[in-house]
Structures are given as C-alpha cells and as structure tokens.
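There are two complexes below, and they share subunit A, which is joined by subunit B in the first and by subunit C in the second.
What follows is the complex of A and B.
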C-alpha cells in the first residue's frame, strides 16, 4: 500500500540533489532541523498514512452487529494470545463478496467508463479555452485566469445543485427548449448518466484548463514563426508543434480529472439515477445505509489499487513540476 | 504562438465561460424568486433570505462551519508551510520520497477513501466523533493544498537574499523570520484562504468524520437538496457564493499589490547598488 504514496524515486532525488544553501543547514544544529521536518511528517504519517493500514485491516475482518461493527478486535489485554486470535480472525471473505456480487464489479467498471469519457469530454472543452486564453492579450490574461479559478472556489455541492434546477423535466433547460419550439416534449436528462457526465465535466473543467493553460502559455512563439517561414500551414504547426509541447499539461489535467472522478460521490448521487452505478456512491451507501464497515473498507482498498498507477504518475509530475524550478 | 484572438478563439472563450457561469448566475437569480416553485418566476422578492435568519438549524450549522473553518485553516497553514519548507529547503533526508508522496496524494485522493480511512482511525483510537475530529480531518487534507501553494512561491523567489543575510552572520532562524517569511507571506495568506474555503465547502469527508452536535452547512444543504430544490437553499448558496467570491477577489488584488510593491522595492534596491 505504501506504493500509492511513493512516487517515482527519480523525481524527488532531482530536488534533493539541487545545490541548496538552506538556512537550517548552516549552523542551527541537526536537532532543530529534524524537529522541523518531524512535525508535518508525523502528522501525515498518523492522520493520512496509518488510516490506510486500518482500512486494510478492517477489510479483512468480519461484519458483526456490535460497536465497533467488525471483528476480530485486537485485544492486547490478552497478551500474545490476543494478537494470535486477532490474526487468525482475518480473512479475504469480503473480497470474495466483491467479486461474486455483480453490483460491485459493475460499479467499478462503470466508474472507470464514466471517468474516462468525462475526462475526454473535459479535455475537448478545455483545450480550445486554454488555447484561446494563452493567445489573449497579456493584459487580460490574469482576469481570464481568475475567471476560470473562481468557480473552483465555490463549493462543488452548490455547483452540482445549480444543475438540478436546470436539468429537471420542468427545469430551465426544458422550459427554454420548449419555448423556442426545438422540442415538444420535455427531455429527461436529470437522473441519467448524461446528467452525471454534465456534472463531472462542469465541476472539473477548471482542473483541466489550468495545467493546459500553463503549458500553452510557456510555448515558444518563435517555433511557430519558424514553421510558418518554412511554409508549414497553421494546422500542421498546431499538430506538430503546439500539441506535442502541450502534452505535459494534457497529462496533468487528465489525471487531475480522472482520479477524483473515479471515486466521485456527490455528482452521481444528486444528478444520477438509481441505475447510474459509481463506486464512490456504492461505498458511501454500503457504509451509511448498510453499515457494513468491512465491505466498504474492501471497496476502498480495491479502488485504491485501481488508482495506484495514476496517482503515482500524478505525484511524479507534481514533484517534477515543483522541483524543476528549484 | 502568435498572439491575438481569432473568431474561433472567441467562440471557445464565450462558450466556455458561459458554461462555467450560467448555472451559478441562474441559481443566484432564482434565489430572489417570490414563487415557492423554484423554476417558475413569480417576481422579485427577498423573502427567502428573511426566512433563513429564522432557521435555527441552518444558523447553528453555519456557526459550526465557520468555527471549524477558522481553526482548521489556521493549523493547516502552519503545518502546510512547514511541509513546504521541508520539501524545498531541507535537502535530502531519510523518507523524503514518502513525505512528498504524502503531501501530493491527498490532492487527488477520492474523498470517500480519505473520509472512510480517517473515520476508521478515529474509531480505532477511541476518539469521540464531533467538532474535534472534524477539525483534525480538515487540517489533514487542507495542509497539503497549503504546502503546494507555499512551495511554488518558495522555489520561485531569489534565494540570494537569504544567502546574503546568512553571509552577514544572521542566524538561520532569524533569517527565516526576517527575510523568507515576508517574501512568502502572500502565498501563506492565499494558502489560509484556500484551506478555509476547502473546509467550509467540504461535504463527503465531513459526513464520515463528524459526530452528533457538529453538523456543518454543506451537510444541512445536502440533506435538504436530496428532498428537492428549494428557494431557501438557493438563498444560502447565494450567500456562500458571495462570501467566497468577495474574499477571493480581495485577496488576489491584495496579493497583486503586495507583489508589485515588493518588485518595485527590489528594483530600487538593485538600482542603488
């Protein structure tokens, strides 16, 4: 499980080797430095990393009607025997349930499908936007950037809620379309997978636009001028220069959308219908409605396993992005 | 790339921003709807705002939200700044890779996983769920956002200023306080605001980690949204949007101004040399 949290060792090493005249290194003393590092380190170890091992442990336990609703519970009062009993009580039964019950397998597959399609849709809308922003006059660029970031500061819940009033059968979209005469029967978008796509694309659009913009903005104009001088038509320069050079932004943006979208709960819960399966929603319901802690833990462990590779790649990009300038 | 906007670019921008803002604008407009029916316009009215202030449950939830927000944003800013300094200025230390992984992973970790795992930790160590566990959870995920914001500022500023102070015999700790801190202060302030906003907006992690007596505003909004769209909810959302928007705009103007002044001062100092 530690793999989830350990990006490629190459990237941070680059930062570590960067020459640095750190104020803490000069004099000061080793202890002060160690203490400074230890505070955030221990905090994250205890409150971020350790909980994953607890999730793993509980995913191997059995469901019981008790407080806490799982067993075995590690009982150190019985000494070594307590540890042995606890260890013998662990098994993979919950994982078996996950693979045997179609609901869970379907939820995983459907989450991956919805996350993939909405990531591509977001990219299709964000790329022209980011491209236009990077070409806009320098004076208005900060304002445009601000305008993209602002919705991100507004609660996801509120933004998703806003769409309910629009997509309802008697909502604003249908009122408008009926009024213009384009349709004669209201469209049923609310509580379908289409509504979930709209919700995800809408909510995660800023996450895609920002990395795209920052890689497009850095693009060296002279490359395009040189291509044009050599007779390359604009579309060809776009495909052979702009697109490849913006790839880091594309990759970062896609991960920033895909990973959280896979485990999304609020959007499928509020906009999707009962047939819209997503693993985040399944986990939430398993935990809050069925109160089955061990099975929800097993769902979480499997979801993490699915996301290990994307998260590791994303971490690697982050470390490089922030380390490269050091 | 050749600058200047073509008509295709303008269409992309117009469409993109309309898509981003239209739903929010409609939500705000309909919060002033006199009609009980959310989607039928019945004239302008502020009645839903008035009724908000008589809704005890909502007011209490708002108070909890603000308290958790201030407490968690403050602690997260301290821890996040320490984490950023560790990543940028501490060079190599054992377990560095793990540390940077733990800082970046929460940024993309699905909320249901973070929420569930923290809840199970609180249960395992026998901590009663409520205000305190809510704050602990919020600190943990928002400190990582603060760390990234402060980190990007730390690596972009001129390190020779620090080196100069150290060469002149200023002790490292004092150098940090006198030189480094003022330079990264705008980033620390925006880190705090980001942490505060993340805290007051959070629903999923809060649902998992809270207990009796600590219901936040998003939790209240969520439970009434499940029952359908209500004009009163539009009014709460409008107030939240207004607070966040004003805060973000003021902060960005203030940051811009502080940066401009600093740049001017640095140029003046360079010219005087």
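What follows is the complex of A and C.
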C-alpha cells in the first residue's frame, strides 16, 4: 500500500542513495536504521498480520453454542496434546459452503460491479475538480484543499443520513424539483442502487481528488508551453502530456476508492434497497443472523484474496516502471 | 425500540469509554448496566443511586446481535444486561449467565405469573432472568395516507400487508418491513394459516415464497428506519415492533406536520417478545446487580418505567400505578382474548436449520 500512496518515482532513489552519502558511520547507523524500520514492521505484525491469522484460524473452525462460539480453541494447559487436538480440529469445510451456494459468488461479483462503476464515476467527477484546483492561483489552493478535506470532520454516518434527507420521496431534492415544475411525481431514488452509487461517489470523492491533485500540481507547465509553441492544440497537449503524467494519481485514486467500496456496508445498508446484494451485507448476515463466526471469517479471507490480486498486479507494474527508469 | 440507529451505538461506545474512566476514579459501590437505547426513565436510576448509594454506570446498545457478540467474546464488564428472550435462551446454553440468587430478590412476589410462564420456555424455571418489558410485533400505519390509497382497507388483519392485491394499492405511499426473519416470518406463516413455528424449514420456505411475491411492493426491509420514515410520512405502512411504532406516533405528534400514526395488533394473532434482565457469569459486581434487579421489581418503579417508555412490563402489582393511557391502551396491554392469541417463537439452536432459514430469507429479499 505504501507504493500506492507515494507514486513519486524519485522518492525510492533518494532513499537508496542515502547510505552512500556517509559511509563513515555504517556501524551505528545500521542499528539506527534497523530500529527505525522496525517500527512500521512491528506495527504491521501486531495490527495487521496477527489479527489476520486469528481470522484465518477462525475460518477453519466449526461453529458451536459456547463462549467463544467456535471450536477448537487452543488449550495450552494440555501441553503438546492440546496443540495436536487443536490442529486436527481445523478444516476447509467453511470454504466449501461458500462455493456450494451461488449467493456468495453473486455477492462478490455484485460488490465488484458496484465498486467498479463507482470508481469510474468518481474518477469522472474528481478529475476536472483536481485539474481546476491544480490550475487555480497558488494563493487560493490551500483553501480549495481545505474545502475537499473539510467533510471528513463530520462523521460518515451523519453525512449518509443527510443523503436520506435529500433523496427520500419527501426530501429536499424532490421538493425542489416539484417546486420548479420539472417533475410532477416525486422521484424514487432512495432505496435503489442509484442511491448507493450517489452515496459511494460522494463519500469517496476526496480519496480520488487528493492523489489526482498531488500529481497534477507537480506537472511541469513548461512542457505544455513547449507543446503550444510547437503548434499542438490544447486538447492534444492535454491527452498527450497532462493525462499520461497524471496516471500515477489516477491509479492511486482508483485503488483508494475501489478497495474500500468493495467491502462497503454502511452506505448500501442505509441508502440501498433489499435487492442490493453486497459482500459486506452478506458477511453481516453470516456473522449476526447465522451467528456463524467461522463462515463469516472465511468470507473475509476470500474477500482479502480478491482484493490482493489487483494490488499485486499494480505493484508489479510500478516496480517494472521504476526498474526501467533506473 | 429493539434496533436503533448505528449512530446511537457510536455514541454509546463513546459513553462507555467515558464511563470506564469515571468508574476507575471513584472507589465506591457500583453496578454497570447495559440496556437498549431509549428504554428507561432516567429518574429511576437517580432514585436508585439516592436510595442505595450504589452508583449506576449505564450504557446502551442498539441490537441483540451487538449484545450477543460482546457476551460471547466474554469479559464485558457489565453486571446487568437486557437480551430478548430468544437470544437469552441460547446465551444461557453457551454458559454466559449466572443463576439468580432468588433469596436476594424478595420483590419477585410482584411478578406476573402469566408472563413468567411464557418466558420459562426460554429460561426454564426463570432461573437466570427477570422480565424487564414485553411487547408485540404488528402493523404500523399512516391513517390518512392509507385511507386515501385504500379506503376500505382491512386494518385489523395481516391481509392488509400480506395479501398481494392489498399491498399493491399501498405501494405508492411506501411500505417497510422488519429486516429480521425471526420477527417477520412467523406473522407471514400466521397469515398463510400455518403454525407460527419458524423452525419448520419447509413451512418457512412457503412463507419466503409468498414474501417474494410481495417484494415488488416493498420499499425496503430495515429494522429501525421505519420509525422515522413513518413519523415523517415517507411510508404509509410497516410491520414493526409495538413500542417503535408508538415512538413514531409520538415523534409525528411532536413534529406537528399532520402525520397521524396508529398501531394495529392483527386479529389472526401476533408475536409476543420479552426483554429480560440477566447477570453475566463474569459480572464484577453480582451483589450490587441483585440489589438493582430487586429495585427494578418494585411495583412503583416498574410502573414509572412503563409510563415513560410505553411498553408493558411483567410486574402484575405495578398495574395499579400505571397511567390510564398505558393500562387502558389495548395495543400495549391487550385484552385477555387478544392476549390468548399472541404466540411466542422457539429459539433456533441447530446451525444447519439457522443457515437454511437465513438463506430462505435472503432469497425472498434479493431474489438470489
């Protein structure tokens, strides 16, 4: 994920050069560097890998009515025997359930579809916004940036509730449209998939605008001037210079929107209707209605796999690009 | 009142962290209570503190599922929790609660035997819990909108919402059903003339098929949104919990926008549910928890509470202290004839049955 957040190709090279700059303090410097690097590693191990292995372990367990509601539970009091019993109690039964019933595959596909469409819509809206921000006079850029970040200071839930107030049949949007006479019957947007798209695009817009803005702002304007001097019309300069140079921002923004949108639960629950099938909702039902922690863990593990594949592809492409330049 | 907005859960979490900080500072006797949101008269807690000198740390949750997840994870730190009876039953089997010491609960003499007898199907011998409140699942509707869309609507029958021809007429003004198979399917079974036992997978599939036919006319399945939607006039009919619909009625009256909400307990029979107070096995203050339960069993206290939240309680003696608007309202305290037609549903314990039921429910809702 760090690659996604720092699309600047210069950064890794700068770090790589640092050791050569001061070969004298290699002994003490190595320990300091190790200690510094250890912090994010420990962070990842404790807060990401350890919970992931707990979830993975639960996904291989069986559900029971007990506290906790799954077995086997590792019992170290029985020594080695306890570990063996625990190991033998694990199996892949829950993953089988996920493939036997079309519901789960349908939920994954539907989530991917909703996330893809939302990401494209977000990109279409965010690009002109980021472009305008990057071309705005330097003095007002911080204000514009602030305006994009400001909504984060309000809870996501409250912002989604506000959309209920806007979209519902008696809501602001319908009242306004009825008042202007554009429509004569209220529009039923609330509790449809359209409302889910509106909610996701609205909520994730800043995640797309910020990386786009950071790559567009760095764009060297002399390139555009040179293109104009050589007789290139503005639209052509845009397609051949601005767009390719902003691609790292586009890719980073798309990942930042696509990945959380796949697992989104709150927005489809509040704005969507009953036919909006998403993996987040299916996982919720599995955990809370069926009280089946093992199967819900299996869904979560599989969702992670589904999302890791595109991230790995992206990292691979980026690594190749960097390698080519160096 | 059983499922509230996620928002209040967030606020509750904040309250909990503050409460824990506050609790650590004061070294006095305390009892930590975890109850449904908007489900108590705050004055009762103040009176209890004044009378016993025991400090009450009071937190709220918004769904049985959240409570159950906490209980099954263990070490909640709470002394008194309030699950619904169907959940309580399974939690007792999981070993989450401790048996009540009835010698410390002399006020149990005030209990309503009829209610405790019904609860005993979930909590044998009432060994683990006392009744807090009980209610029904029925139909909430917007009087004027339903009259306009469907002048001769059968308001006293499940046919209003479960007959496809009837529901079609109400589609235009908005329809919401509870998103809870346990609370909705038994009433569909009742309408179809089947026994309301939702552990019968074959019958449940028939009910789910019927529900699929109604789906085109249903705006949404959700377990708490209908309160506001009904109060604002966004929907005209809902299947929901009695107290929630009374709450929608109150909110609509307060808003003064001319929305008139009523609750109907269908004549074919409706589901009865119970919220029970119990003490977790690992409660840090079991002694104070018993004192608290005994206090809640006082007739005056139970009546004060019911007058405030508009739910019936399981305390027979409390009835002489109830307001006429509560005691005299047959939707809160049904007549003996109606009460006889109210049914309870069993707890599902077998995970395969549970999975089959949830699956039928998802299929009815999503078509997949």
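Details
To be clear about the criterion, the second predicted complex is superposed on the first by the 264 of 326 C-alpha atoms of A that agree within 3 Å, B and C clash if a C-alpha of one lies under 4 Å from a C-alpha of the other, contacts with A are read in each partner's own complex, and residues count from 1 in each chain.
Assume contacts are C-beta pairs under 8 Å (C-beta built on N, C-alpha and C of every residue); 3 or more make two chains touch, one makes a residue touch a chain.
These numbers were taken from a predicted model, which means no experiment stands behind them.
Looking at the shared chain after the overlay, A:106 reaches subunit C, while subunit B stays out of its contact range. By the touch criterion defined above, A:191 reaches subunit C but does not reach subunit B. Once chain A of one complex is fitted onto chain A of the other, the partner contacts of A:157 extend to both subunit B and subunit C.
With both structures placed on the common chain, the touch criterion links A:168 to subunit B and to subunit C.
Of the two partner chains placed by superposition, only subunit B is touched by A:255; subunit C is not. In the superposition on chain A, the chain among subunit B and subunit C reaching more residues of subunit A is B.
By the touch criterion stated above, A:266 is placed in contact with subunit B and with subunit C alike.
In the superposition on chain A, A:205 makes contact with subunit B only, not with subunit C.
Look at A:277: by the touch rule set out above, it reaches subunit C but stays clear of subunit B.
When the two complexes are overlaid on their common chain A, residue A:54 makes contact with subunit B while staying clear of subunit C. Shared contact residues of subunit A with subunit B and subunit C: 68, 155, 157-158, 161, 168, 170, 266, 270, 287-288.
Those residues of subunit A that touch subunit C in the shared complex are 63, 65-69, 101-103, 106, 155, 157-158, 161, 168-170, 191, 266, 270, 273-275, 277, 282, 285, 287-292. By the touch criterion stated above, subunit A contacts subunit B in their complex at residues 2, 4-7, 9, 12-13, 15-17, 20-28, 32-33, 36-37, 39-41, 43-45, 47-52, 54-55, 58, 68, 125-126, 128-129, 131-138, 142, 144, 146-151, 153-159, 161-166, 168, 170-172, 175, 202, 205-206, 209, 216, 219, 221, 224-225, 242, 255-256, 259-260, 262-266, 270, 280, 283-284, 287-288, 293, 296-297, 300, 303-304, 307, 311, 314-315, 318-319, 322-323, 325-326. Put simply, subunit B touches subunit A in their complex at residues 1-6, 8-10, 12-13, 15-17, 19-21, 23-24, 26-27, 30, 38-39, 79-80, 82-83, 85-93, 95-114, 116-118, 120-121, 123-124, 136-137, 139-140, 143, 147-148, 151-152, 155-156, 159, 162-163, 166, 171-173, 175-176, 180, 197, 200-201, 203-204, 207-208, 218, 221-222, 225-226, 229, 233-234, 237, 240-241, 244-245, 248-249, 252, 256.
Of all residues in subunit C, only 6-7, 10, 63, 65, 68-69, 71-74, 90, 93-96, 174, 179, 181, 215, 218-221, 225, 229, 232-234, 349, 351, 354-355, 358-359, 361-363, 365-368 touch subunit A in the complex they form.
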